[in-house]
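Both complexes below contain subunit A, partnered by subunit B and then by subunit C.
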Partner chain A sequence: MRLAIQLAYRNLIGAGLRTWLNVIVLSFSFVVIIWLKGIMAGWDHQAKNDMTRWEIGGGQYWHQAYDPFDPMTLEDSHAPIPSALSSEIANDEAEPILMVQGTIYPKGRMQSVIIRGIRPGQTLLDVPTQSLDTLTEVIPAVIGSVMARTSRLEKGDYAVLRWRDVNGTFDAAEVLIADIFASNVPSAEAGQIYIPLEKLRSMTSLQGQATLVTFRDPEPEREAIPGWTLKTKAELTKQIDELIKTKTTAQSIFYFILLLLAMLAIFDTQVLSIFRRQKEIGTYIALGYTRQQVVGLFTVEGTMHAALAAVMATAYGLPFLLWQAKVGWTMPMDTSQFGMAIAQTLFPVYTVGLVVTTVLIITLTTAIVSYWPSRKIAKMNPTEALRGKLQ
Partner chain B sequence: MENSVIISIEKLVKQFPMGQGVFTALNEIDLTVQKGEFSGLIGPSGSGKTTLLNIVGSLDAPTRGEATVLGQPISKLGPREAARLRKENLGFIFQSYNLLQVHTVYENVEFPLLLLNIQAAERRKMVMDALEWVGLTSKEKSKPPQLSGGECQRVAIARAMVKRPSLVLADEPTANLDAANSHHILQTMVKLNEELGTTFLFATHDEKVISYLRRKIYLLDGKIDKIEHVAVNDTVPS
Partner chain C sequence: MKIKTIYLLAWLLTLPFANLKAQDANAILDRVDKNMSSDNRIMESSMTIHGKRSSRTVTSKSWGVGTTKAFTEYLSPASEKGTKMLKLEGQLWIYSPSTDRIIQISGHMLRQSVMGSDLSYEDMMDDRKLTDVYDARMIGEEKVGDRKTVILELKAKVSDVAYHSQKLWVDAERYVPLKQDMFARSGQLLKRTEMSDVRQVNGRWFPFTAMYRDMLKQGGGTEFKITDIRFDQQIPDYLFTKASLKK
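And now, the complex of A and B:
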C-alpha cells in the first residue's frame, strides 16, 4: 500500500494540470459542503439559543387547553398557578405568563394580537420587561420589531387595546409602547404585546392565573402537574429540528450535484488514464505487478485526488471558514419575514464530526469512482497493453 | 561460465483465436537456453519471436507444451507467482522503451527495487550503479521526454539490470535507434552479460543486433528454422 501511495503521488504530481484541475474542483466541494453544513448547524444553534432566550427558557408547563396554533383556545387556557411551581416563581426560576386574545388599534387601524402578561421584574427571558415597570396613566407595553413594523408603531406611541375579561365583557384602554425589541424569534414577536402580568390579571379578572409557566432549569426530570402539560425544551425546539432537517434534505440535492460534478471529473480522468496509459499498465505488469495490484494503484491514484483536495481545501478553505465563523453570513433578504427563527446574520458552526464526515464521504465516493473504471485493467491482456494496443 | 539451463521449452504451442478458427503463432517449439547466454530469436514479423519472448517472460501462457523458466513451469503459474518471477528474476527491455513518462530517470530505474522492498540507502547505491553502467548518472533528474531515444533505451537497460536479474528479455531493443546508438546499447549489454553473467534473450530482425549474438535462433512461421552458434571472438562489436 505504501508503494502504491508513493507511486500514485508521483503519477499525480507528474500529471500536472490535469491533476490540479480535479483537485481544485474537489477541494471546492469540500469547502462549500462544510460551509453550508456549518451554516445549517449555526442556524440550528442560533435558533434554539434565541428561542431559549426569548420564549421558552428551559421548558414550559402549558395549561392543558392551550394550543399555540389555535388562538381560540386562549379563552379557556388559564388556571391558578400550581402550588408546585410557587417556590420556583418566587425565586425567579420560573415565570408565569398569562395570554389573552385582544385587538389593538394603532393609528386608527385594527390588528388582532395576543396580550401576554409578564412580570416586569423577570430575568428569565430577554424580553425587556423592565420597561413595563413604570408609572404611567396608560398601560405600558413592549412589542417586538416585527409587530412594530406591521403595526407601524414606534417607541412612545399610544394605541388603543381592546380585550374581553373572564366574563366575556369587552373593555378597552390606551397602551404606551414603552420599548421595542428584536429577537429573531417570530413567535415571540409577531402579533404579541407584552404588558405587566398583574395589570392583565386585573383587566381580565383572572387573579393568580397563568396560561403557561416557563422555567429556567432544563432538567429533564420534572414532575407531572395535573391540568398542566409539561413541554420540555427538546419538544419545544422540535419544529426547529424538523425545519432544519427539511432544509438539510433539500441541501443534500445540492451536495449531490456538487459531488457529482467533482466525481464526473475524477471518473473522466480515470477512464482517460486507463485509455491513454495502456503501455504504462503493461509495463507495471512486466516489472512485477499483478493486474489486481495495478487496479489498486489506479484506485489509490484516483482516491489521492481527494487527499490532495483536502490539503488544498485546508490551505484556502480554512481561513475562509474561520473568517465566516467570525463575521457570519448576512442574508441579502429580510429574514424577519420568513416566519421562522432565523437571524439576519448566520454564524456557521463547524464540528469535528462535520469535517470528518464530509472528508470521509468525499474520499469514499472518490475511491468508488476511481475503482469503477479501474476494474477494466483486471481484464487487460498484458502483452497487448505493453504494445499500447487499445483494449 | 556455469552451464546450467535457465530456459527449457518443450513442444510449446501457442494459438490465438482468429475469426472462426485459430492462428498458430508457435508450433512445437523445443529450445533450451543456458545461463549466461547472449542469444536471440531472429525472424521476420509474424514469425513468433515476440510471442515466445512473452511466454518466457510469463506475460502470456502456452496453449500446449511447457516453458520452464528458472525452474518454474509457466503454464502452471498463477498471476501472483508469475508476477513474483518477473519481479525477482526477469528484466525487460522493450522496443519503445516503456519508461514511466512522469517519473525521472532515477525513479524509473528505482521502480523494480521499490517492488522488491529494498532499503532506501541500498536502493540509491544500486540505482546509481545501474546508471553508471549505462553512462547516465548526470541525467538522473531528467524525465524521459527530455532524453534522446538512445538515452531512453539506456535508462530501460538500467531499469532491467538494476536488480541484477538472472534473465533479461529484450524485444527489438534497437528498432527505434540509429546505428551509433544501437551499437552503444548493444556494447553496454554485452559488457553487462560478461561482467554480471546475466543471460540475455533478444527478439530481433535487426542485423546490428544479430551481429552481436553468440547464439542465433531463427524462427520461421512459428517454428525453429535453424540455430547458429557463434564463437565469442566472432561477434562483431564494430
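And now, the complex of A and C:
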C-alpha cells in the first residue's frame, strides 16, 4: 500500500499541470462547501440565539385563544395570570406580556400596531424596557428598528396612540419614543410597540391579565396549565429549522454541481491515464501485480487528488474561513424584509463534524469516481497492454 | 362659616336651573334624533374620499329600515360597481361581484376603512339613536356659518360605545347637527363631522352633505353627499336577506 501511495504521488506530480488543475478545482469545492455549510450553521445559531434573547426566552405559555398569525384573536387573548406562574414571575424567572391591538399616528400617518405591555424592570429579554421608566407626562414607549423605519419615528419623537378598552370604547394618548432597539427578530419589532405593563392594563381595564408568559429556563418538563398552551423553545424555533432545512436542500444542488465539475475532471483524467498508460499497466502485471492491485494503484492515484486538494484548501482556505468567521458575511439585500430572524451579517460557524464530514464525502466521491474507469484494467489482456495496443 | 353658607345657598339656587338645562339638552337631542332617524329611507349618495395625492368618488344607493336593517348597492366607479352590503341586527355581509362571494365582516374587520374612506364599517354599523347612548348637557352657544347653534356635550351612558364623549353643535331652529366632534376617553379629539346643505324633506330637516375627518390622520377627509333621499317608503322585506346580495 505504501508503495502504491508513493507510486501514485510520483505519477501525480509527474502529470504536472493536469494534476494541479484538478486539485485546484477540488480544493475550491472543499472551501466553498465548508464555508456555505458554516454560514447555514451560523444562521441557525444566530437566529435561535436572537429569538431567545429578544422574544421567546426559554419558551412561552400562550393564552389558548392567542394565534400570532391571526390578529383577530388578540381581542379575546387575555386572562388573569395563572397562579402556577406567580412565583416565577415574582422571581423574574418568567415575564407576563399583555398584547392589545392599536393604531399609531406618527406625524399624521396611520399604522396598525400591536401594543405589548411589559414590566420595565424585567431582565429576561434584551428589549431595553428600563427606558419605560422614563418620567414623562405621556406614555413612554420602546420600538424596534424595523418599526422605527416603517413609521419614520426616532428616539424622542411623540406620536398619538389609539386603542380600545375592554368594552370597545376608543381611547387615545400621546406616547414618547424613549428608546429604539435592533434585534434581528422581525416578529419582536415589526408593528410592535412596548409600553409599561401596568399602564396598558389600566388603559384597557385588564388588570392582572396577560396574553402570554415567557419563561427563562427551557426546562424539558413543564406542567400543563388549563386555559394556556405551552410552547417549548423547540416549537417556537421550528420555523427556523424548517427554513434552514429548505435552504440546505437547495444548497445541496449547488454542492452537487460543484462536485460534479470536479469529479468530471478527475474522471476524464483517469480515463486518459488508463488510455495512455497501457504499456505501464502491462508492465505492472508482467512484474507480478495482480489486476486488482493495478486497479487499486490507479484508484489511489485518483483519490490522492482529494488529499492534495485538502492540503491546498487548508493553505488558502483556512485563512479565508477564519477571516470570514471574524468579519462575517454581510448580505447585499435588506434582511429585515425577510420576516425571519436573520441578521444582516451572518457569521459562519465551523464545527469539527462539519469539516470532517465534508472532507470524507469529497474523498469518498473522488475514490468512487477514480475507481469507476479503473475497472477497465481488470478486463485488459496484459500481452496486448504491453504491446501498447488499444483495447 | 358665613361664606360657606352663602356658597351652599348659591349652589342650591342654581341646582334647579342646572337640571333644567340638562332636561333641555336631552330634549334637543331627542329632536335631533327625530330629524336624523326615520322608520325607513331610500337614499342615493356619493362619497368622495380625499387622499393625500388624489380624490375618488364612490356612488351608492341604500335602503334602510329603522336602525337595524340596511342594504347598500355601489353604483360607481366600475371597480366597485355591483358591490353590495347588508346590515342585519348587528351583522354585516358584503358581496363582491368580482369574486361572486358573500363574506361576513366581523371582529377586527369591522374596524377597517370602508372603501378607503375615513369611515370604518363599525362607524356605519353603529347608528343607534343618540338619546339611547348619551346623556346630554348644554355647554354654550355658537355660530356655525350663519346659523345659530347650541353646543351639547354628550357623555356615554352605556359601556359598549365607540366614543366616550361627543360635542354636538345643533342648529337652534332646525335641530340638525351642524358639527360633531368625537372624543376618546382621555379627551383626545378623534373624529370630526361637519354637516351642511340642510334641506327640508317630508317635514323634517336633514343635512345633505357631511364631511368626515379622522383628526389624527393627514388627508382631506371624506365628503358624503346625498343626491336623493326619500322617507317613509315601501321597502320590500326580501331586500334584507342574504339572497338579495347575489341578485
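Note that the second predicted complex is superposed on the first by the 391 of 391 C-alpha atoms of A that agree within 3 Å, B and C clash if a C-alpha of one lies under 4 Å from a C-alpha of the other, contacts with A are read in each partner's own complex, and residues count from 1 in each chain.
Note that in this section a contact is a pair of C-beta atoms (placed from the backbone, for glycine too) under 8 Å apart; a residue touches a chain by one contact, two chains touch by 3 or more.
These figures come from a predicted structure and were not determined experimentally.
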Which of the two partners, first being subunit B and second being subunit C, lies in contact with A:Glu75: first, second, both, or neither? second
Determine, under the contact definition given at the top, whether A:Arg109 touches first (subunit B), second (subunit C), both, or neither. second
Who wins on subunit A residues touched, subunit B or subunit C? B
Look at A:Phe256 in the shared chain and tell me whether it touches subunit B only, subunit C only, both, or neither; answer first, second, both or neither. neither
Which of the two partners, first being subunit B and second being subunit C, lies in contact with A:Asn167: first, second, both, or neither? second
Regarding the shared-chain residue A:Gln101, is it in contact with subunit B (first), subunit C (second), both, or neither? second
Across the complex, what residues on subunit C touch subunit A? 107-109, 156, 159-164, 184-186, 188, 190, 214, 216-218
Subunit C partner, complex, touching residues on subunit A are 71-72, 74-75, 101, 105, 107-110, 160, 162, 165, 167-173
Which positions of subunit A touch subunit B when the two form their complex? 3, 6-7, 10-11, 13-15, 279-280, 282-283, 285-293, 382-383, 386, 388
As the complex stands, subunit B meets subunit A at residues 50, 54, 57, 59-60, 79-80, 83-84, 86-88, 92, 94, 96, 98-103, 107, 111-112, 114-115, 143, 159
